[in-house]
Every structure is written in structure tokens, then in C-alpha cells.
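Below is a structure I'd like to ask you about.
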């Protein structure tokens, strides 16, 4: 097995991929990223004789949206396997926007995804991953470090996830004051259809992320009533699968605002109401960060979030912590880059 | 002008058009019906020299789903103009399912739609409709009677519509007892994109009806946890247009159950939050009736709806009234048919 | 059986069906053409008692795009069976664009498709086709001639197809000089989902052609950096079926440019990587011709393709041969028409 198996996916961005200002939705890009990752890792995991399997998304690392993509541009998505553990595959995906009229190209995203091979015959059986070969020993060591780190984080969120209380969604917005949490809270339901699913009959991770971004975007737009775009998504762990025929409820609430950004927490709950007697359960949750743009594409100031309850105040402080941490990390990276 | 300008639209039903039992969603059919109606009435209204216009859906009469349609079958939708008043067009649409393997054909729907021509230059200006010619004088008289009846009903619902209170949606389902109104209540949000809209930049009536059926179906499935299908839709009046870029909230709550059917009230609220300073407003509301089917396609008994508040009890009685009225009307029609 | 069983399919063209200049993609039209053909031929092949079957697309004859279609126009697609051999059906499909505001209608395409009935129980079994009746004896004779000609061509390409080397796709476009073959080469991958497939679980020919047109369009736009539209598609033979769950890679490279047109060769390779141990295989290949249009819709000169390798030079000469042959044929037809 070679370490690098590059894979490319291209598509012209259509009007339905974008908001009315012409900016392609972050969710559309996340869905393409996940499709590329699913294809390359499924192919890799089936590359040796053995039980056929489908690679299921287990985790996406924190992703930044570096520059906007527009209707009519071509999105070029390339994927490469960068590490394999015994039971998981790390895929690195790069997205470039290309204006095919001017030839201008920009990196819009770099994402890291983790996949796990599930047997086609028995979805609860995790198979072994064929090892890849590394050009240099350090690549393997660094990959192993990343693997251990994400494993730890997945364990932690699994425990935390159970605690989270369902958000109270009150659509009676007229009685709410603008800029409160309740004012912009939003939720949608979606019946999982066949095109949303993998060969195993479970929802593609990319489909879930697209719906999450849709809700988060509506929360952000309701808060600041301007053109908004996805700036980043925190690491997302997919602990629980969602089966075809489920109804999923995707809910979002704003947790924090800085001068120029908004953080929105999004929950995905699955309701397997027809086939099985199982109770509704939390499948995924994540934090999305949005910025507000003027008609010329310049960042606008964001109205401060008004917190009312104790919980809202606590979540605001937690959001502030994440914001400051990310800011510090980015500054450290920039300094490091400057020194090199 | 001829009285009959038939128009046919055919399409193979795909997995995405249907639920997991393979029954095509009522909303998919309503969307095709409306597209056929929009094409024929827009063509007719532009058939004489004058200002160009787009026909906008004003009303759909009560529609019954007579037999189910399945994946792989071809839906044949034909439309005909049956009456014109000075400012509106009545279109009769018939839908047949065709199994192209066996050749079997069944009438699945008959719908009557009313369209109004709006100027392409000024969307608030209603233009005049070229008159059609009738084969017999009685056709014109009967059409006029239908026109007066629906006009009256539209006026009435317009007044009633303003009164309706926004439904309180509580997603904290776990705390609700099964079979209560709160247990099955559902809502979704949708950002209106370019493909949802007519040339005037307003949402196609068919797109709205498809979303309404989606929510109503989820409410019905949550209540009885079986395979459910749309049995009928009461008359729907489109009083308010919805513009591209709006967020729409579609909410459904169960109002009544008989032994074998469920009635669900659906509301569509538009939120023009980016472009304009206008408040959120009620765009459409309607009653959908669903039945529950066994794996063999036989109707199943429906668990009775548990009403808790005074409002819920009142709505249940009102639903019972509509149910008994429809039943009486159907029996009268069957007797009439038997005598002919 | 009657010779003519007309079948109509209509749809309003939406923003997603078109490029940013508002011209409907050739691929959208090819997909509608194939759907109409599949419906009429599947219906015909099941019109006599016997084993149920699904008509699978075997070949599309060379198709010219005579005039552009735009967003908001209605596409009217009508299909008719014009010849039947023992095991195949010839369908003639006509597409008209209709501006329902002005009433203007234009013929945009005429296509001829060949279908083969495959048993629903055993996809490898080709069934017999019920014969149609011809109004005149010459119709049958001319049909038979067309049948023999296409049969020969299908045999030839089947042999040729095997030889073709996989295109070297180098996404590292930055290092390539503009107007070279490598500069505009493009490819996309697509995971075959349920809505892409027929009742037999194989990809609809129309879905494949739509993807091919998408890639060819990107190659053309990259080469000349203007608004481009599909001018024609050479005969396409569907030798190999593609199953649900496969990943398909669609690759395109420019082979020839005349003063005002570009020829792009497109390959479709299927990778049945999960279910079966089969190797990746070539499913379809075809030549698409594009023209470049100014903002006013006038044809623009096309930059000459720079050929570098011996293979590129050879393909350019072959493309020139096809170009001159088509030109000569068209002139002969015009002279013939002038003489009539």
C-alpha cells in the first residue's frame, strides 16, 4: 500500500449550493469533503481480499473556511490517506475554488477526517484496516500522535454528550426580544431518505453536516439580519449511527458572540419511530462559527448576544473560553510561520 | 381560445420521491400537479398580446388521494383549463399512475387549482385573463358557480387566518405522553433558494405544499409509529406570497383522529429576515388527513388523540365536524352515482 | 402495435439546470431525452404477456443542439418508437423549448436512442421485443438499414474501447501552459446512489450522459474561459452496465479545436469496489463538441489547442477527420434540402 492515494472530485457550484449573496454554503463544502473521504477510505479498506466493508465517518477535525466560494466556480476536492491505525483511517482533504473564467484559484478548506470500516454483512462489526506505507518514519509517528489525541477527545465527548439537555425551542419569536438566545433559536426536521444513506443504510456524515450548517446559518442570519458565512466548525464526533427511515431533528442556539463572530451550538437527535422501538437519541453535536459580511464582502460588527438565564450566561463564558483558545493557537501558528 | 388545452407531464418515480415502504409522498404529487397547473395557466394568460405575466397559485380545492403510487411507476399528470373569470384561471389536473411493466393504470388524484396572472414588471398588478370558449353554456355557468364559491371561501379564511395563534412547538418529546398533541408536534425551517421560485422570485405553490406534506407526514408517523400515507388535503388558500431569501417555518400539530384517520393542521410562516424590515407573517395554513397502513397496505386502526388543554379539545371537536361533513358529502355523492 | 406511440414530458427549466449565463446544460436535456426514451420503450416491451423487463439504453445516435434553452422556459420532450428489431427498440425523441410568456417555440434537439429489454428477474437475459406495425413498407426498410448500421458501429467501438488507455489526469494545473491538453483536463468522481438507478439497480443512461456533459463543459470552459454551450454529442455506446454502489470516474480531455469549436473526449470508468471483486472497467466513452459564446450569444473564436506529445498530435488529427466529415455531411444535407 502506498501512503498517498490522491483522489479528485470536481463540481461546478450551482445556485442552490449558495445563499442569495452567491456564497456557497459551508454545508455544501462539508458534504463534498465527506464524500471524497468516504470514497477513498472505502476503497482502501476493500483493497485486500476479505470481508467487504463500508467506511463510516467517525470524526472530523476542526475545519476553517479560509476563503469564500461562489456560484459558477469549480470546487476541486482532493483526498489522500495520511494514516491508518488497526481499525481507523485518517484522510486529509483539500478544497480549492477555481474561477474557470479567470483561472484564479484559492484554497478554501483543509479538513482531516477519521473513518472506520464496518462490515457490509454485519454493521456492528469493525474490520481491520490494511496498513499504508510511509515515505518517512516521522510521518507514521506524527500520525500515531494525531490518532491518540482524537481518540481521547472522542471518549471525552461521548461522556459529555449524554449530559447535554435538549434545547427548548420556542418559535413564538414575536414575544422575544431581538439578540436574545430564544429569538434566533431554530430547528428543522428531516425524514432520512435513500439518497441520504450509504450502502449500509445509514446516513452519510456529510449529509448530517450539511443539515447542521443549514440550521446554524439560519440562527446566525436571524441574529444579525445580514449576509452570513461559515467561518469554522469545531471537531465533530459521530458517536451514533442514524438509520434510513429515521426522523432527525437538527436544532441550533447561539452560545457566544465576539465583536466579529458568532458561535452556534447544533444538536442532531434521531427518532427511529417506525422500525424499532428505540427512544429518541442524541446522534451528533457541534459548534459552528459564523461571520457577518457587508455587500462588499467585508466583515461587519456582530450585535452582542443578550443572555438571560444562568445556563445561557454559563454557555457564553464557555464559548468565550473556546474563542480565546482558538485565537491564541492561531497567533502561535502565525508566529511560528513567521520564524520559519 | 379553446376551452380545453390539455398538457401532459410524465416522470418515473424515484426512491427519493417515496417513503421507506415505497409509497410516493403526497407532497411529491402535489408539487407535480402545481407545476402542470402553473405551465398551462401561464401559457394561457400570455396567449394574447399585452403585458407579460406569470400565473401565481391562489388556491387548491380539496384533493383526495384515491390510490397509492409506487417507486418505478410513471406518474402521468395532465392539465386542462376549465374556467376563466376576469382575473383568475381554473385548472383541472388529473394524475394517473402507470406500471409500465404490467401496463396497469390507476387514477391517483384529481385536483382543481386557481391561478391569478401577476405582471412580470410589477408583481402587485393583477392582469386580465383571456376568456376561454365553452362547448356548452352549462360549462360556463357551472364554472361561474365554482368561482363564486371559492371566492367566498378565500375571503373567509383570509379573516380567520389572521387570528390563528402560532403553535407552541415543544421538542422535549421525552417528557410528553405518547398520543398527546405535544408528543407528535413537529416543525421544520427551510431557506428559500432559487430553484424553489418562479420567474417573479416567489415560491412555487407546489414547493410549499411539498414541505407541508413532509411535516404533516412526520406528525402522523410520530403519532402512530407505522407506515402512513396522505389520504386527502383540504382546500388551501395562498393569501401571501413568499419571497426568495426568506426563511419559512412549517409547523404541524394533530387536531383530530377517527378510527382510521388523522387530521393534521399545518402552518407556514415566512420570515423575510435579510432583505426587508417586514415582520414574520402567516403565509398559508391547511388541514391534511393521513391513514396508517399495514405492511400489506391495509388500513390500520389509529390510536386516539389525547387532548389536554381546552384549545386542544375545541380543535378536536372542530376536526370531528369537518370529518363528519366530508363523510356525509361522500355518501351523498355515492348515492347520486348509484342512481345515475 | 402501432408504429407511433407518442409520449410527452414537460418541465420548467430551473436555475440549477443552467450555467451562470442562463443556458440550460446539454446534460440536463440529454437526461430528459433518455427518461422519455426509457419510459416509452419499457412500456412497449412489456405490452405483451410474458416476462417483465426493463429497457436499458444501448446507444444514442449523434445529437445536435440546434438552439439554446433558457431558465424559465418549458422543455417539451416527446418520444415515439420508430423501429423494432428482434431484441432492440429505436426511439425518436424531439425536444422543443417553449417560452410560455411569448409563446415562442424552437426545436432544440432531435435524438435517436436504442434500447434493449432486460429481464427483471435475470438482468443478463435479453428478451424479445414485440414488433410494431409500419404505415408504409419503406419505414420498415429504412429502420432496418439504421439498425444494421448502428449494430456495426457498436461492434467496432466495443473492440476499440478495450484499447483505450486511462487518461492521465494531472490536477497540478498551475505548472501547465494554458491551451495545452493537460491544462484543461478534468475529472470527477460520483458515488452511484439509488435515485441514479433503474428498477434493475443499474445507472440510467441519462444520468451518465449528464455527468459526461458536466465534465466536458468544465474542460471547455477551462480552455477558453468564456461562456460555453454543448453543440453536439457523437454517437455513444453503452457497452457495460454500472451498478448501484459503484464509484464512477468521469474524465475529459480536449482532443481538437477548429476556429469556432472544441472537441472533448470523455471517459466513464466504473469501480465496483465494495460488493464485487471485479476490476475497474471502462463503461462508456464519447466525444462532445462545444462552442464558445459572447455575452450576446454570438459564437466566439476558440484558442487553438496546443498539442505536445505524439498521442495528442494523433488525436488532434483524428478529431480533425471527424470534424471535416461532419462538415461535409451537413453540407450534403443542406444541398439535398435546397434541391427538394
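All chains are identified by letter, namely A, B and C, in their written order; residue positions are counted from 1 within each chain.
Here is the rule we go by: a contact is a pair of C-beta atoms (placed from the backbone, for glycine too) under 8 Å apart; a residue touches a chain by one contact, two chains touch by 3 or more.
Keep in mind that what you see is a predicted model, and the values were worked out from it rather than measured.
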Query = Between copies chain A and chain B, are the contact residues mostly the same numbers or mostly different, with half as the line?
reply = same
Inquiry  = As a multiple of 5 degrees, what angle does the CA superposition of chain B onto its copy chain C give?
reply    = 180
Ask   = Hey, how far is the Cα centre of chain A from the one of chain B, in Å?
value = 36
Request  = Provide the list of chain C residues touching at least two other chains, using ranges where the numbers run on.
outcome  = 15-16, 194-195
Message = With touch defined as at the start, can you tell me which chain A residues reach chain B in the complex?
response = 15-16, 19-20, 166-174, 186-191, 193-195, 214-215, 217-218, 221-222, 225-227, 244-245, 247, 249, 251, 271, 273-274, 279-280
Inquiry  = Could you list, by residue number, the parts of chain C that touch chain B in their complex?
reply    = 7-12, 14-16, 35-36, 38-39, 42-43, 46-47, 52-54, 72, 74, 98, 100-103, 120, 194-195, 199
